[in-house]
Structure formats: structure tokens, C-alpha cells
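Chain naming follows the written order as A, B, C and D, and within any one chain the residues start at number 1.
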């Protein structure tokens, strides 16, 4: 029996010689059984009928955890850089002295919109079907809009990389608008879920992603050899982004304070550590930036800190999202409170 | 719908063509989805059966295609079960087609440490020999008081509640003719 | 598509927790058993709805009597067969970027296994935690409401198998009528805790009503159901709005950052 | 019922929807309790006290159905003046014969007449043949005012008068309020307009006084007039697809097809005596000779002639109890050489697994037929004692044959379900590999044996030589034609080979052939009646054209009782079968279970014989006098009335009598079958009860392999109350070891409020619930519950006691080296303590293989 056949066999244990297996789920391949739901469900040690105050179903997750792997937050970051770069490139269009920077930006936008889909594809359960992302356009789905944006922006970015300053208005503005979408839609995408942590932050996430995109773009550019003029541009763009990012993070934490379960999910575990790391990197990046000296090293350190912060932030959001989904009380309490009005 | 224009194979274009901006419904369907059918529609025969588990006797329908079982489910027509089955009955297909089923006769020789596969006919011959030998050795014609016994206590049988009436009948008929009286089944177990 | 909407009405007051629905579903759809795990949670060893488990029976042991039931001490055992709700506004459907998830002519929500590429977005968009991606398969799976059977006018496997008709399948309008009647009957008999979960938009505005709705005997969270689920797309406009503002902000920042006072025009 | 017969429970829920009250009496709060209106937790092994309490309630509150009781039961019959009740003798009935260790029932008889019981031990009283037994109906003495102190009604009333709600509480742990609620609900729902039904399964039968459990329920139902009427009755919920069929066409030692008894060595020495002992002069059993001769003609064909008593002498004779446990004890003592096991797994499903395996060790050869090798087939390979190293495979001399069986989808045949309905299942596919049906196996084995004995001229081999064995062979695998076998079971005439329409056509002159008289007519007109599948929606609610029910496609037995003595329905609501005065015949929704043209006002004359002795108001036609037996003058080995006895191993002293246990029970006093103290054993202080779960099937051979079922109940577990968990330090989801002196098992623990302690006689009693599906083979494995249980049985039907015994439970897993008591008690200790029996009973004589039974006389001729 081939491997593929045996995967179709696991958990059914029906002889191919005796049974025809053509049901809807018969094609579902299973390598191995996951008795305890992949280890996240422990044996229940309490007496089932002895009631706990929270009155849920054996503390079992009410929602499914996000299934996304590392490549998704990595993409969020790449997308941010691509989007920010695309916007910046558009803004730099035709500025001769900043041509090198503009080209850097075009290149980053191209790189981001090229690597991004690769990262996304890597997360797909069926990688060979990545093109299905463009099968339909579903306005209701931020991911659908994002996919089309990403594809469009990618084409524009490639064009504008090739054409450089010669590119026309369509390409230029297309790149800019696409870049903005790519930079921000991911925030909408996370907010548009049932996950209580993300959903409760749905008005802040797009702003956070957008500002962090600016900061990330600047962070990467800062790590490159820049002349003074270029550095100023990058620094200004970056500072706005970082300020926005910091403001959003503070706002999120304040927002969380009204929803203690969400705050707990954000604070605890891997997500909490990453969130703290993101904050620390962001703040130190800003502080280094504000040092009254000017040196390539300072710039690079600041850029690196900003980059680390931006990456940590995205991983923190995914990890905390997982934690929030695992804890049924988060979902229940948020909804109960809302019902009370 | 589904105009057969080749360019409409791309659902996004179908969306445009059929004025379906949301793209949630038919325009997003594939050919497989449109032509989906229950697999039972492919059966080349359907036979009436009865659930083999408990004594309620729920009706079952067995769907067969190419000599293989396609599906086993409840029979709506049965006044007993009206199509219902319990979890065990619902798992009947797995019971009768399962990989756990042994397909060969297994033989363990006295003091042996493992099973050996032997041909069915040989095994049947061997069993017949054993029956004859034991029967002849342990035959009791008469009780010491003179009552007729005409039997053997050297062979016993257990089983029947999961078997067909016809099988129980032949078991009882043959074993009684052989003089076996220790014939029992789950009815008191 | 003129076919009337169909769905499930699951009346937990007659559920005997036999799990026939779970097995009938696995049998019909030929889904794998997903592992032998003694969970310690009453008789619930399946734990939750999964990519491999499209019907799941919950077992709730309570130290409280059910109205109308006489027991020697305060105790009751609530049993409930859970399933995909096939929401009127379905989070998974609206989130699916590939069009793998579609609304069928029966107004149910169906995942096309030949399209799904396993992006995982539907997983986080389901407010009931139903749909999931099977890692070793790669695709997202959930109850099809036996779309294949319905195409031939055949009742879904779970509803057919259910010995006590706790799971009723039918036209949504009929089911609602039936549920109302049953609720009134139970109230008349003094089972005052009975109520209908998600039957209509009025009951559950967040989803605009479920096509698989329930008669429950306790609060929804006791059965691991959300008390007030909302389809994620309700409220997404705000997010887009904020994004637009932020985008404007970024554009402004970019322009401002690149704007040089000295004038850099050629 | 919801647990083990979910689809049967469909109709209970339907009744509930229509307003019925569902009462569930069970030690545990099960899935049935979850949807019942009333759940009554009851201490395992105390149901007779509970049901007896109902009898007392019904009588003392005048809730009984007078017209029904007076006319349709034996309530008015007068009983011998010598009769003494358990109330008089501290738990014994009159007639205990200390020397023989059994009852002499002569003092239980009706005054002036002895009758043959319709079932049970008809030979009980057969010192001498009494051909006229039961004949003289006019000799019966009655008091239709039911006031004579020695009429059955008054005896029943006195017998149960002490079963008050307070005693029910003391014996069963059921609070009086709860008891009275049940009693009221039951009485309120009985009478002309309403009926109540009882459903039970092995929770009632698997006791050392199991038969009397059912008898008590029967008394309740007779008093309330709930038998033979729609919506009434006592339903045995049988656990296998054809367990009813295997009783009708018995793979049972004591019967021939159709409940004809196996010839008994010391009585039934020739056909004449056999008929004399077993036919009744009145009632339907007066037809006995016709059924016997037709059976012998079916088996021995042309060889059976009137000159040679239809080959009656070909039949083997039993000389005692040859039931399963008796046989296994003999096997353990190396008295059995060969053993066929077909579709059964005694190494898991039967009592005292270690002793079962010891029996298998001592065989010469063993044949097992199943889907896959079971624990019974692999006892030599990896049984606990092998794994522990106590026994090595190379020390076991048993030769084992495992034959793979065909599934029900791979063969034609009928199952008889729990309501006596025969249903044909059609072959859908060919059996794979060497898998064959049992029909194939037994037929070909028979053909081989006929061949082996062909040249024999020994008398003993004639039955085989003359056995009719020519069935049509079908297909390449030479499968015998099941339909032909069914036709033989159903019967035909010999002359013109006409398929018989019913058992009334059977003859005792050798002109008819019928393999099982109660199935006669199931191949009527050459039509496979059990294969009829007219949709339920296209016929009446009785659905007579779906399958075929024995006898005579009758769906409700004794349905003449659904009409009043005048033949009119008791009420319009409960109309079922009635007398049509215009047509002068019985008619109704079902096939009337009565002589169809016998008017209600018919009374037999003094010269009446056989069926003519049944009057127009005798609905219970199988009984000698046509009345339901509230009191059994005959046929039961442990008394004419049910009496509360404690299980062999109890936690309580019998609250009612000095006699602790059923005096007539079967015990095996053997080193490998030790018992605990009668009650209050400090080493085994808890009650244990075994049971099934919805998700698995009996000993697991048909469920432990299936992934879809295993994932639902993946592991062996026990259920305990939070109180017991606290007492013994058990943790939910953790491990516990349960032990008896016979064996120990480990299991996961479910601590649940569904189990609850009983407070009785000032003590808190805890119960351990033990599902018995598991053992060491399969996808889902665990220790077998029956490692714990003992050989001990009800005397009437030799059914074991597994529903109440005593155990110890401790936290943690068992020792790696698993122990079992196949060689002797697990723990060496002084066993002394309270006696189970009063002095005269204590002297019960012992028999072969350690069996001490209150039926030594019948079971072991010495």
C-alpha cells in the first residue's frame, strides 16, 4: 500500500478489497490520529458534575486556534515593508537626489510582494493550490481583497522596479495605493475574525499595521548605507510610523484593560513575552533614534531595533490570538458583557 | 447556469458575467460540486438486511457496487427502526469490511507458540477427524442404572445468539445427531 | 435557485447521547476516527467538532435537577449533539478567499474539497469553533449538511440515524414551526428552562439566525456554545475605515518625509 | 434501554412525546435516566424487594384490576393446605428436602389437581408418569371472591404484605416518597383505558434469583391487567441479533427446537414416557406429540417410522445440568476434549475469566469461529497468566483451529429479534478469502462426518447415517441454501410436499415435517415470509407484513386478554383483538392468539380434552388452565412466589429473612472459584455491577476493532460516586484497581454524580460500576470485568450472577504481574463469617466439579 493510500486508510480501517470508499471525506488524508487534539486537551481530573464558577464546558476551547504557522506573521512583516516601501517609492518618484533611496524602496516593494506570496503559500495546507486565491473576488473577505491587492501590487512593483523613474502615473499611483492596501489589509484581516483578542482590537489593528509598516520600512532602510538626505527622509517617515505604532500599542493596552480576559491572553505566555519584547525594541529604537548624535551605527542599531520590534509584534499578535482562542472564558465573558450592554 | 464558455471556467469571470459581486454562491462552485451525487446513487444493487448487533432488529440497506460494499445504512421501511441505527449499527460497514477481519484459517498445534495458516479444506478434515475420535472415545451408551444416554460429554459447543436461525438449526441438528448435549449459547451468558 | 432552505433542528431534550449521529456521519462521509483518547469528561471522548468530526455529542453533568424530572438527589445529565450551524451569515463563507466555501441551493454552507487550499482563514472566522484545517490533509473540513445526499433529496446521515429524532432535518420554515411547538409543549409541561438557541435573526442577530439551531436546557456556554456569536464581517467596515484613515496618514507621512524644504525639483 | 437498545428506545421517547411517564429504576443514572421522568436509584440485587413493594402497594391500596385478575389469572385458585410461605419459615417455602438439597413442591400444588407448567422444569414432579395430569379442569377449586385465605390472591397478598415502603427503603435504598411516586404513576396508568409496560434486560436476569425478578414484574402486570394488551407487557430487551432465535431454535442443552425439552435420562427413557411427561392434558401443550413427531421426521426422514418411535432413541439424553458454567467446570477438570465456539467470546464475556481459560487449557482441541481471533482463540498466546509468566504457551496442549466467519452481509438467513420477529437478511457480497458462514461450516462438517461414519454399523452412528442432510449447494464455495433450511424449519407435508401454513396443521402420524413448530408457517405457500418488507408506511401500525413473527405471525402474545371476558375491548383506546358476534369469530388488528371461533361464553364440559379444555375466558393458552400464573404451583425450583434474597456476595444482611440467599441457587465450591463472605466482608466492602455501554457490544468482538466505535469509548474504565472517590482517594481520569478474591483488574476512573451511595440499615453503601466490553485484544483494550466475577447461578435457567457482587477498589494501577485465581484464591485468608443459608439448607449435598445446586436430583444422577 502506498503512503497516500495508507493515509486514506488511517482511522477507517476498511479493506480496499471489501469496501468502496468514495464518501465526501474519504479523500481526507490522515497521517496519524491526534487523540488529545494535538496535545492541547489534557485529561480532565475534576469531577465532571462538580461545578466551577465559570460554568463552561470542561474548559475546552470554544473557538479553534489559528492554524497559521510562522510564515504568516513573517508575511505580515514583509507585507508591511513592501507596502511602506511602495508608498515611499511613489512619494520619492522623480526626486533626483533621492533616486537611490527610491530604487531601494522599489526594490523592497518588489521583494516584499514576491517573498510575501511565497511565505503565504508556505502556510497553505495545499500549496499547489495557491492560485486559487485569485479564483474569486470576495469583497467580504479581507484575505480575498488582500490577495488581489498583493497580486496587483506585486505586478505594479515589478513594473516600477523595471521602469524606475520612467514609470507612468498609473504604475506610480497604482503602486502607492496597492502598497497602502497591502500594508494595512492584514490589520483588517485579523480584526475581521471571531478571535476575541483580535476582534476586540479591530479598530486599532489596521492603524497599528499601517504605522508599523511605515516603521518597518524605515527600519530596513535605516540599516542600509544612506546619505544624510536619505537618512532624514527615512527617519521622518520612520518616526511617524514608530510614533503611530507606539500610540496604537498603548491604545490597545488601554482598550484591553476594559476586557480583562483579552488582557490576560495578551499578557501571558509566548505572546506576552513577544509583546513585551516588541514594546521594548520599539521604545529603545525610538530612544536610540533620539540620541543627539549622528552616526551610521546609531542609525543601524535603531533600524535593527525597529525591525525586531515589528517582527515581534506580529508574532505576539498570532501567539496571543492562539492563547485567547484556547481560553473559552475569554469568548464567553466578552459576549456576556456585550449582551448586558 | 454554467454557460459552457471556456472563459467562464474562471469563477471570477463568472462573477462578473452573472453579476454576482459577493461571489458566495453558485458562481464559485466547481463542476464537481454541481454534479455531486450521493454515492449510493452509484450502487448496482441494494439488498435488505438486518443489523447484526443487538436484538432490536433494525432494518438495514446494503449498497453494493462491483462486488464491494458501498454503504450500509438504516431502512426507512422498517416498522422497527424507521431508518434509524445506533452507533454500533451505523458502524456496520466498518465491521464487515474492516481490516481486522482474518481471511485465513489459523492453526495452533498443541504446545505451539504461533499461529500457522492452513487451507480451509484441510482444517475441515482435521476438525472432522477430531470430532470422530473424541466422540468414539467418550461415547456413553447407557447410564449405570440402565437408562439410555446415547451421547458424548467429550465435546461441547458454545455460540448461537449472533448466528442465523438456519445456522442454529443445523448446529442443533448435527450436534444432537452426534450425541452432543453440551450445546450452549449467550442466551444464559 | 428556488430550493427552499433546509437545516437541522436539534432538540436536546430528547437526546440520549448515543452518538449514533457521530458514527453515522463518519460512516457516510468516510471520515477517519481521530484517535482514542480517554478524556475524563463524562462520556465525551470526542471532545469537540473537528475537521474529522462533524457531529459531536456533549455530555454535561450537573448538580441540579431538570424541571419536570424526579431524581433522588439534585442531578441531571444534559446531552446535546453539536454540528456546524450553517449560519445565515456565515463567518467561514464570507472569509473564504478562494471561493472553496459556497452557499448551496439549500442555503447551507459547503466546503468544496477540490478548491480549498487550506489558507486557514475560515478557522479563525467561525464564531463557533467548528471548521478546522486538518494538518496532515491540508484542507479545511466541516459538516456539509450532507450536500451530496440532499442533491438526491435524501436526508442527512445523522438525522436519519438519530434514534430519538433529537436531530430533525427539514425545510427551515417547517423546522422553526416544529421547534416553536416543541418549546411551547415543554413549557406547558413545566420544563421552563427550555429555550431556542439561534433559531432566527431575532434570537441571534450576530449570525442572523442559524440553519442548524437547537433547543437547549441550560445556558449555551454549558454546551460550549457562544452566548452571543457575531459573524466577523459585522463591524469590518469600521476596520476598513480606520485603515483608510491610517493609509491616508501613511501617505501624508511619506509625502511629508520626502518633501524637502530646499526644493529638490530638478 | 437508551444505553443498550437506542433504537428500541425510539419508541419510548415517542411515547414520552405523547405524554407517557418514563420511570427508570437503575443503580446508575444512565442515558436512560437522563431523559426519564423519574429516576430511581436502587441497590444492585434488590429489585424483588422493590417490585414486591409495588405488589403490596397495588393490593393494599386496592389498585388492582379486578375483572382482569379474577378472570384471566389464577388468583382464585385454591392451593394445598400444606403450603407454607417464606413469611412462616424465615425465607424458605414449605417442602425443603434437606437431604436432596432441593424443594419438594408437592405442598405448592393447586388443591386437588396437578398441572404441567408451560415452561420451566416440567420434570420437577415426575416421580411417576401421570398421564391425566392437568386433565380434569373441573377438579380445580376456586374462590372467585378471592377471600379464601388459601386462594392464590390471598397467599400473594400475605406473602408481600411485609414489602412496605419502609422495607423497600431498607432493602433497596429507595426513599419512600420516591417509591410511592413510582407506584402511583404505575397504577394511575393502568386499567381499562391505559396500560403500562416493563422493559428489562440482563440487569434483572443475571442474578442467582433472576427468574423470580421477572416473575415479580409479571405479578405486578397481572394485578394491573397489563399483559396481552397493547402498550402493556414485560419486554425482555435481548442483546444479540438472534439471541431470541437461538432460544427458539435452541443452541441450548436442555431444549429441542420450539421449547421441546431434551430427553432426560432417568425419565424420558422412551418416546411414550417422553410424551407422557411432557405433554399437558389441557391447554396448548396437549399438542406436544405432533410437534415432537414432526421434528423427528424432519431430522431422521424416512428412517423415522411409527414402528421405531420415529427414531426417538436417536436422541441423546441429558442427565443433569449441562449448561455453560457446568461444562466449563468439567472442562477445567479435563473432562471435555473438544470445544466449538462460534461467534462468542467466553474468555471475556463469561464469569471468572481465569477459570474459563483454565477450561480452555485443559481441552484437547478447540474450534473458534469469529471475524478475528478473539481472546478465546488466543488464550494460549497472551492471556494475563501467560504475560505474567505463570503459564507458558509450550505447556498448553490445546490444539486450536481458528476459522474466519462470513459477515451477515455475506450470507442469507434470518435473525429473530427481541419481539419474536424473524427477518431475512440477504446476501450482498461473496465472503472473502476463507471466510465462510456457520451454515457452510456445519453443513460441510456434517458431510465429512457422514462420510467418516458411512461404513459404520454401530448403533451409535445411525443417527448420523440417517440424518437428513441434503441441502442445495450454491456457487463455487458450495454454500448450502439457507432458504431450504428455513423451509424445513417451517415444515411441509411429506406426501405432496406442501409448505405448511401453520402449526395447527402438524400431525403426529409422520405425515408432516417441521423443524421447529413455533416457526411453522414462516415458509407458508413457499414464500419466504421473513423476507417480506412491505414498507411500514403502507400498512397498519401492527405492520403484519414486515417479516414474520412466531407463532403464526402474531405480534402480541396472549392478545385475547386485550378484550374483556365478554370479548369486547376493555376500552376503545386500548382496542386490539375482540370477539365479533356477527361473524362468530375473534378478530382485530392482529392475528388473535386464541381459538379463533371459540366464543367468550364457551366453558369446557367434564369430558373435554386437550385444547377443548380452554374456556372462552382463558387467554393464556399455553398454560394448562389458560390463566396467567400469579403463583406458580409447578415448574420453578426456587419457590412458587418471588422472594427477596441477597446476592451470593452482598454487603447487607437480608433485611427480610434469616435465609440470606436463594436456597436453590447453583454454587461451585472449588478452589479456583472462591467466594467472599455472605455479607459484610471487610476485605471486599463495595457493591459491583457490570454493564454495557452504547458504544460497544458485549465482549467486544464486534466493536473493539472498529475505529469509529473505539474513539467513542477508548479505554476500560469504572464509574464511582464522588463519595467513594473521596473515601478511596480515587481521582477522575486516574487509575484504580478493582479486585475480588478471584482476580484483579485495573481501569481508568470516572468519578461521577451518576453513581451514588445508598444509605441503608445505618450504613453507607458504595457501588462500583464496571463495563465489561474490554480485554487484551483489539484496537481498544483493557482488563476484562469478568476476571472478577464468580461461577454462581440461578437454579431455574443456570444464568450467572454478574449484576451484584462485592469488590475492593484501591487507587493506582495493579501490579505488573497480573494475578488471577485460576489456581486458587488470590489472597489466602480465613473465610468464616455469616452463613448464607439456614441450617437445613446448609447441608446441601455436593456434586461433580464442585457444583452445589438445589437441583442435584435433576442435575446429577448419581
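Simple rule for what comes next: a residue touches a chain if its C-beta (ideal position, glycine included) is under 8 Å from a C-beta of that chain, and two chains touch if they have at least 3 such contacts.
Quantities reported herein were computed from a predicted structural model and do not represent experimental measurements.
With centres taken as mean C-alpha coordinates, the chain found closest to the middle of all protein C-alpha atoms is B. Farthest from chain C in terms of Cα centroid separation is D. For the pair chain C and chain D, the distance between mean C-alpha positions equals 47 Å.
Taking the mean of the C-alpha atoms as each chain's centre, chain B and chain D sit 26 Å apart.
Remark: chain A and chain D have CA centroids separated by 68 Å (rounded to whole angstrom). Distance between chain A and chain B, defined via averaged C-alpha coordinates, is recorded as 52 Å. Chain contacts: chain B has residues 11, 23-24, 27-28, 39, 68-69, 71-72, 76, 81, 84-91, 93-94, 96, 98, 100-101 touching two or more partner chains. Annotation for chain C: residues touching 2 or more other chains are 18-20, 22-23, 26-28, 32-40, 42, 61, 63, 75, 94, 99-100, 115, 147-148, 163. Across the assembly, chain D contributes residues 6-7, 10, 429, 432, 694-695, 705-709, 712, 714, 732-733, 750, 752-754, 779 that each touch 2 or more other chains. Within the complex, the chain D residues that touch chain C are 2, 6-7, 9-10, 13, 16-17, 29, 31-41, 174-175, 178, 181, 693-695, 707-715, 717, 732-733, 748, 750, 752-754, 756, 779-780.
Remark: chain C residues 13-20, 22-23, 26-27, 32-40, 42-43, 45-46, 61, 63, 68-73, 75-79, 163-165 touch chain D in the complex. Chain A meets chain D in the complex at residues 11-13, 15, 17-18, 35, 43-50.
For chain C in complex with chain B, the touching residues are 1, 18-20, 22-24, 27-28, 93-94, 99-100, 102-105, 110, 112, 114-115, 146-149, 151-152, 154-155, 157, 160-163.
Per the touch definition, chain B reaches chain C in the complex via residues 11, 23-30, 32-33, 36-41, 71-74, 76, 81, 83-91, 93-94.
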